[in-house]
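Chain IDs A, B, C, D and E follow the sequence of writing; residue 1 opens each chain.
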Amino acid sequence: MIVRPHQHWFMRLFDWHGSVLSNIVFRLSLNLLMSLIAIFGYPWYSTFGIHLTTAPFSLVGVSIAIFLGFRNNASYARFLEARNLWGSLHITQRSLLRQIKSIRGISEEQIREFTGLQLAFCWCLKHRLRKTEVQTDLQRLLPARWHSAVLHHPLPTSQILLCLSEWLAQRRDEGLVSDIVWQSIDENLNQLSTILGGCDRIASTPIPFAYSLILHRTVYLFCTLLPFALVADLHLMTPLVSMFISYTFLSLEALAEELEHPFGTAPNHLPLDALCVNIERNLKAMNGDMPLPEPLRPDAHFNLT
Amino acid sequence: MIVRPHQHWFMRLFDWHGSVLSNIVFRLSLNLLMSLIAIFGYPWYSTFGIHLTTAPFSLVGVSIAIFLGFRNNASYARFLEARNLWGSLHITQRSLLRQIKSIRGISEEQIREFTGLQLAFCWCLKHRLRKTEVQTDLQRLLPARWHSAVLHHPLPTSQILLCLSEWLAQRRDEGLVSDIVWQSIDENLNQLSTILGGCDRIASTPIPFAYSLILHRTVYLFCTLLPFALVADLHLMTPLVSMFISYTFLSLEALAEELEHPFGTAPNHLPLDALCVNIERNLKAMNGDMPLPEPLRPDAHFNLT
Amino acid sequence: MIVRPHQHWFMRLFDWHGSVLSNIVFRLSLNLLMSLIAIFGYPWYSTFGIHLTTAPFSLVGVSIAIFLGFRNNASYARFLEARNLWGSLHITQRSLLRQIKSIRGISEEQIREFTGLQLAFCWCLKHRLRKTEVQTDLQRLLPARWHSAVLHHPLPTSQILLCLSEWLAQRRDEGLVSDIVWQSIDENLNQLSTILGGCDRIASTPIPFAYSLILHRTVYLFCTLLPFALVADLHLMTPLVSMFISYTFLSLEALAEELEHPFGTAPNHLPLDALCVNIERNLKAMNGDMPLPEPLRPDAHFNLT
Amino acid sequence: MIVRPHQHWFMRLFDWHGSVLSNIVFRLSLNLLMSLIAIFGYPWYSTFGIHLTTAPFSLVGVSIAIFLGFRNNASYARFLEARNLWGSLHITQRSLLRQIKSIRGISEEQIREFTGLQLAFCWCLKHRLRKTEVQTDLQRLLPARWHSAVLHHPLPTSQILLCLSEWLAQRRDEGLVSDIVWQSIDENLNQLSTILGGCDRIASTPIPFAYSLILHRTVYLFCTLLPFALVADLHLMTPLVSMFISYTFLSLEALAEELEHPFGTAPNHLPLDALCVNIERNLKAMNGDMPLPEPLRPDAHFNLT
Amino acid sequence: MIVRPHQHWFMRLFDWHGSVLSNIVFRLSLNLLMSLIAIFGYPWYSTFGIHLTTAPFSLVGVSIAIFLGFRNNASYARFLEARNLWGSLHITQRSLLRQIKSIRGISEEQIREFTGLQLAFCWCLKHRLRKTEVQTDLQRLLPARWHSAVLHHPLPTSQILLCLSEWLAQRRDEGLVSDIVWQSIDENLNQLSTILGGCDRIASTPIPFAYSLILHRTVYLFCTLLPFALVADLHLMTPLVSMFISYTFLSLEALAEELEHPFGTAPNHLPLDALCVNIERNLKAMNGDMPLPEPLRPDAHFNLT
């Protein structure tokens, strides 16, 4: 995620980092090439009666804008839902720890064990979504008692949920947690299951492939043909206008594709590392585990992972 | 569902599988034919004062794009809701098993019986939605005790729900489950009923037929008349532009129609088989039933059923 | 609701039933008449300097398309919410009966009485929404004990809800239902109240009248003036293009008006009869009341009421 | 709210009442005046090289239509939420009374007292939202015991909620209501608090003022300049087309402004009086308090307040 | 938030305060400058064959309007969610206090202590969101007993939540609050956690930076080039039309940027101060703590902070 301090509107026009511009520079160059071909080829190919006009391109352009708007909506909704799920993860973990801490008779040690499981769940979910190596963080966070149950399990995130549930059942067996208090806490464990399932769903089910494909194609074909439609009217100004229109369409299409998979590490993806550290800070602060880990800061390009 | 590894933007332009292109190739050919008729017929029929211009087609084209955007939204919302319901099925089954496993005094055997009923529910729902033969999977998954109650019942999915409820009531009778724990588990059984009802609703209530019909007609009439409107301006370029515009409209209409019924087995439909296997893997892993069944892999065309 | 088996895309173009076409044939004829007036009157009235051009009509047409898209959204959302409420009715009734059946010590007779009240609630809600005669179905379904309380009551649907609540309170008095089980069942009774209230709201609060009126007028005025704007460019093709555009706008406006009131008996309305029979089938199957009533089938015009 | 019996489509075109037309007649006259100035001034001012064309107006018109669509959506969403909250008020009050009536040992007198508090809450909320005098209705509905606590309190609606809560606590003290039953009823009291808060939010937080302002201005400026852009092409037809386009934009803008504040008494506002009487009828029917108050009927202009 | 009394539609056209006009006056002046350059430069640069036409600008303008509509939607949704969260805060605090007050045996003193914690939570959240100094308000509101736990804590808002939870646990230890009543109150504490998490999410996760950037750029580039496209047709009218179109686009873009961060103190931001005072008034009125603090009034520019 790009976390930029507030910019003056004028400065923002020339911002380089954080746009998807860097990704589409090559494609815009292709467009420039097409414009030049159109300008220099026009006198020659128009003698064969081959020419394009802007009217049908206006129609197709507006249609593409409408469908692109739909795709942007769908991608952004995925991004937003992913962010909401991680927000809900923070909220649920805070509520869980608050509930546990309000029970009398549970030792500091046991609470720390529970918090360890909570944090392991968060980091494990992060690694699952980014398909990164999970063992290091598990070994760092997981209380020793649960090592054998979780490490090297094929589905560690789901397994940690089972451990949290087992921890709670043990407290119930000890008579510290009544059935009703168990019910309240159990609801939050169900909420963790919902968050895990929701993230999995976003990660495993992309927007139907044909949408991306149809739009990808029509946007590129449109941008490729555009200079030939503009050249009759605009002559030397063709590259400017053609690249302007192409920039709008190509960059929004590229951004929609980036936002569709919000769990990656590109500049517009969610900062899962920072979110995990935030949860860790909050839970540790609730346990009085000072000093807290430092919150992650954006790097020199205002990028927060 | 098409599960394609990430493609370079350039490669994606020429992707063949997974687009709905294969379905509309014939219709695009018709459009090409119309373009040729327009080009060769133009000198003749224009002598009768018959000609079409792009301006009104621009108006009708943008209007159709707006309405098609609405239809795409409605179809995609159905696809998304169906996916969410199946995600919720996974979540609820995991929560149910987690709750059952945290109860003391229930034998491994009984938990396995419960898991069998859970899995039978999932596969049975899949067969119900795809209208496929259900008995084989029922016999594979259903614990022997429940065979007589479910096999050959007219509404097996709803009946399995009743069996899960009965299993739970028996544990309550045995004194293993208190009223409050029953309440928490019962809420998840209600959730299963909600999922079943939601899937049934999507399968039985299509988007109002008149919407599909009106849009289907206007899109086709539009694409048929389009070459005649373009030919006066574009002459030899008519087929290119006409087929481009038609591709955008026809493919999006065809995709919207495919997504409207998300439980089928076409490339853009939901991979219910894979989702069922995923749930089976997760529940078995929670019970320690190793080795787990292999997750389904997409076939050579990146298709996951 | 029109339940059509899957049609080939080509056949669908010429489908007669189920479109709203039959309703707007007269209005399209008026449009044809206007086109003819435009064609034959043009040479005469243009001598007075009276002429219209397509450019402003393009602007107003696209604007109307945007507002019509909004109205379609609003109408479809009402249709969808109504369908969801009836889906939720099915789900809640199934959950209620499942909960009742899991209680030990309730006689078959009492369960049948409860189911009778449940079914009476569904059919009574249907008659309330369609403003049809309710007594016959009430007498068929209502257990004799409750006749005096419900028949001829000014608000029978709400009264049956009270009877379900009273039935449950009697079981609590008999000691069969603990407070906690009562709570779980009571939540589903609240859900029935929510469904009743939601349906009432849709039935009694239309989309603000001014929306319908403004759009109705602008669509009709637009379609009436359109031929005069097209005739200068299109001459003899005016009727074709004018009727095409008018068909798109008039049919979508007519459909939006039909969907706005989803509880009627027109082809695009909800099949409340079939939904009631479905619930009856499901509840009776759960009680083992064989043979089940037959599900309703669409008539020869694929219509399901 | 305008409650019109179903109209024939032709009759509806000439409906006078219930449109916002009456409100914008003056503004349309201004537009007519501008059109006349454009027609008669055109030969003169065009000699100075001052002229406008339709092309840029088409662009700005479509843009305004898109933004107006957004504003209509936002206003309609507020109207809908307000209606949903009042529907939820009816549902919650019905559920509350149903729950109270299923408790054994509460006297008829006490139930009537509770219903009195419920009704006082509804009418008090209505007066709060419409900023009308509340004391008369409070004195009519409020049971005598609670007069001193509520009358002349600065926040009577919130205070009645406290009284309902206190009534319930007294029943709990008397041993009639167990903790669990209290919990179920308390949830519905929280729901009343949610409804009160939701209505307050809609009433106190308009759509950001700048939206209304920007759109108001651009719509008016657009309509004012439009005749000058149309006159070159349309000459004598300018007033007709200009007033048509202006009618569409001005009336939708006026309607959006009306719907933004749904608690007023204009024709498109919510019929809070009728909704209050409906709740009163339902609660009294549940208590058997016959005869019920008559439901409100729309007046001669189909207006329901 | 701007709280303006109802204005006549004519007066509203010339409203100065509260529009974002003041912010974009400089940018509109730049546009005016561009228009003048276009007018005076046109005879010269057109001799080089450099000219722009309106057709491609119409296409790009409508596309930008569509994408800007999307951005406005996203920004407004954030504003709305933020307002809903603060509405929910009011509702939850009222429900919490109502629940606490219905418990027998809790002293007035203890209730006041609880209310103090509630108010401290609200003001502390406000300061957190606006990044303002929190200690003064904490010292004013926080009961002395909790000073050491909260003041100078790194995460005071989350800490106060823990204090509320601890206060409740102490009442449970004293035997005043049963497990079931604890459960009902605990649910509202979880709700506070949800509100805190939701506000944090809005404050810390902007709309993906690339969206703002792409739209910012295309809007400005569009407005800069626009005069050159209009000048050929409009000559002297170029500045008027160009500034009109630019005003629409620039002001909506500026407003969307303002609404994106709803917790600031600009005129279209949420009036957090007034909301906090409102909650304080309501809770104090429930405790009978007269006189109530005065509600905040908008300043001379109708601004409410």
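Going forward, contacts are C-beta pairs under 8 Å (C-beta built on N, C-alpha and C of every residue); 3 or more make two chains touch, one makes a residue touch a chain.
What you see is a predicted model; the values in this text were computed from it and never measured.
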item: Mutual neighbours - chains that touch chain A and chain D alike; value: E
item: Euclidean distance of C-alpha centroids - chain B vs chain D, Å; value: 38
item: Approximate Å spacing (C-alpha centroids) for the pair chain D, chain E; value: 24
item: Where chain D touches two or more other chains at once, by residue number; value: 55, 58, 62, 66, 69, 180, 183
item: Sequence of touching chains round the ring, chain A onward through chain B; value: A, B, C, D, E
item: Of chain B, residues touching chain A in the complex; value: 1-4, 9, 12-13, 15, 18-20, 54-55, 57-58, 61-62, 65-66, 68-69, 72-73, 76, 79, 83-84, 87-88, 90-91, 94-95, 98-99, 101-104, 178, 180-181, 183-184, 188, 230, 233-237, 240-241, 244-245, 247-249, 251-252, 255, 258-259, 267-268, 281-282, 285-286, 292
item: Contact set on chain E toward chain A in their complex; value: 27, 48-53, 55-56, 58-60, 62-64, 66-67, 69-70, 74, 153-155, 158-159, 161-162, 165-166, 168-169, 173, 179-180, 182-183, 186-187, 189-190, 193-194, 196-198, 200-201, 205-206, 208-214, 216-218, 220-222, 225, 254
